Amino acid sequence: MAAFRHRTRVMFQHCDPAAIVFYPRYFEMINEVVETFFGDAVGWSFRQMHSVERVGVPMGRIETEFHASSRLGDALDWMLFVTRIGGASLDFTLRAASCDEARLTARGTLVLVDLDRMASIRWPDDKRATLTSYKEDEAP
Amino acid sequence: MAAFRHRTRVMFQHCDPAAIVFYPRYFEMINEVVETFFGDAVGWSFRQMHSVERVGVPMGRIETEFHASSRLGDALDWMLFVTRIGGASLDFTLRAASCDEARLTARGTLVLVDLDRMASIRWPDDKRATLTSYKEDEAP
Amino acid sequence: MAAFRHRTRVMFQHCDPAAIVFYPRYFEMINEVVETFFGDAVGWSFRQMHSVERVGVPMGRIETEFHASSRLGDALDWMLFVTRIGGASLDFTLRAASCDEARLTARGTLVLVDLDRMASIRWPDDKRATLTSYKEDEAP
Amino acid sequence: MAAFRHRTRVMFQHCDPAAIVFYPRYFEMINEVVETFFGDAVGWSFRQMHSVERVGVPMGRIETEFHASSRLGDALDWMLFVTRIGGASLDFTLRAASCDEARLTARGTLVLVDLDRMASIRWPDDKRATLTSYKEDEAP
């Protein structure tokens, strides 16, 4: 199955005095990719999750390698795929590239939680099925 | 002449513990609208301005009224028009609405500056002509 | 009565590719000054307000003049005073300076709201009394 | 040798609609701890580095585990220690806790770069000596 793809652009607000992306802004972008993935691919918008069903997907851990700097105006092509689905967790890999030059690779674990109890809960079966369709064996 | 229009969406990263847009994030959005206006409408991208020509358009003043709260997932329709063009300055009005409900009105003044000397400079004639085409008398 | 004073420092995260404070970050700082004012001067922390009493103080309007740029490492001395106290609203003036050079002046209106009903409510008498002690006639 | 210690507070601007720290904001805090470490402990402020000597310390990689949520108003006690010093790189471990409850652990690699050439350069001997004094074997 193909990965989920999303394009963003490096705006002025993302750049630091060295005129490259300030790395904490990458995590805002990563959150945007994950949020867009849930809304557009899984059919479970953050609005529906947070405001209606009172569930969320906080990050449990994330490791990120920054391969090359991104500059003001660069288009970033994001690719997300699922590497493991646990009872309440989801491992994913995210890659960003610009004009085929790798910019970053992130590997993280999300956990589905009940926001009112702040306790992990199992993926609903229909969401699990959709998430599975984005599962890939990571290329070596 | 029609105003410049741009649509953004309220993402998780914009929202505060009351689940509405944290108002400093509106100014990031306002900057995005201005940046997109310069890149797409004026044909003068921030990358070209900052990295190549070493000019910028810092905000000299901005006044903003927040008419109603925006919530996670809301689409925001932005409308920017020019109200006055000075030698080195530009007055603009920006409105954001969601489903025709007004969310904010901002009126600001940008100044074109030489970034190395941090001194104001005159608008180039071709840019001034384009900016003029977005000039409107503000509706009463 | 003296104004409320607070010092912040311009960090890397506040600065843009021109190596000066990106103006939306000033609004994060303004929020920090207001939050610190409520917590330290009024004795009503945002945690207590939001998480316990379910009230908030969203900004109704704010107008800001940027007098001079702030650079990485600058200390900013903030001064907040109250200019008017309404039933549910508060007008304030905020000034930031660095080594006595004015950087910005902001004038805004906060509104006390019940977060669950998103409706304005009256200032409690004890808070109103404290707020009044920070009231000043603005210097001409 | 003792680790470098720094305290920050969870402000409104760091919190998401679940009223806990939005994880990208942790990376802004991590950058603040590193920036304060360089300025206060190493004696090499980011202003001196970026604006005068034209060097920087971009993050090459960072892995972060989030142990427990942080809430509005929490004090965060940060502890940074150096785990390896390479020719141009620095490995570090950062821990944040609130009232002795672990909140996050981050392990990262910074690289010293010449900003004009965007090429890595060796740590100056005096800075290397100071960095070495913050070196610790990580507890098992």
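Order of writing sets the labels: A, B, C and D. Residues in every chain begin at 1.
The rule we apply is simple: a contact is a pair of C-beta atoms (placed from the backbone, for glycine too) under 8 Å apart; a residue touches a chain by one contact, two chains touch by 3 or more.
Please read these numbers as outputs of a predicted model, since none were measured by experiment.
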Fewest touching-chain hops separating chain B from chain D: 1
Chain pair, C-D or A-D, that carries the greater number of C-beta contacts: A-D
Copies chain B and chain C touch via same or different residues, half shared test: same
Geometric centre distance via CA averages, chain D-chain C, whole Å: 29
Inter-centroid spacing, chain D versus chain A (mean Cα positions, whole Å): 23
Sites on chain A at which at least two other chains make contact: 12-13, 17-19, 22, 24, 28, 31, 50-51, 72
Contact set on chain D toward chain A in their complex: 17-18, 20, 22-25, 27-28, 30-31, 50-51, 56, 58-66, 69, 115, 118
Chain D partner contacts - residues on chain C that touch it in the complex: 11-13, 19, 28, 31-32, 35, 39, 45-47, 50-51, 71-73
Residue numbers on chain A that touch chain C, as the complex places them: 12-13, 15-19, 22, 24, 72
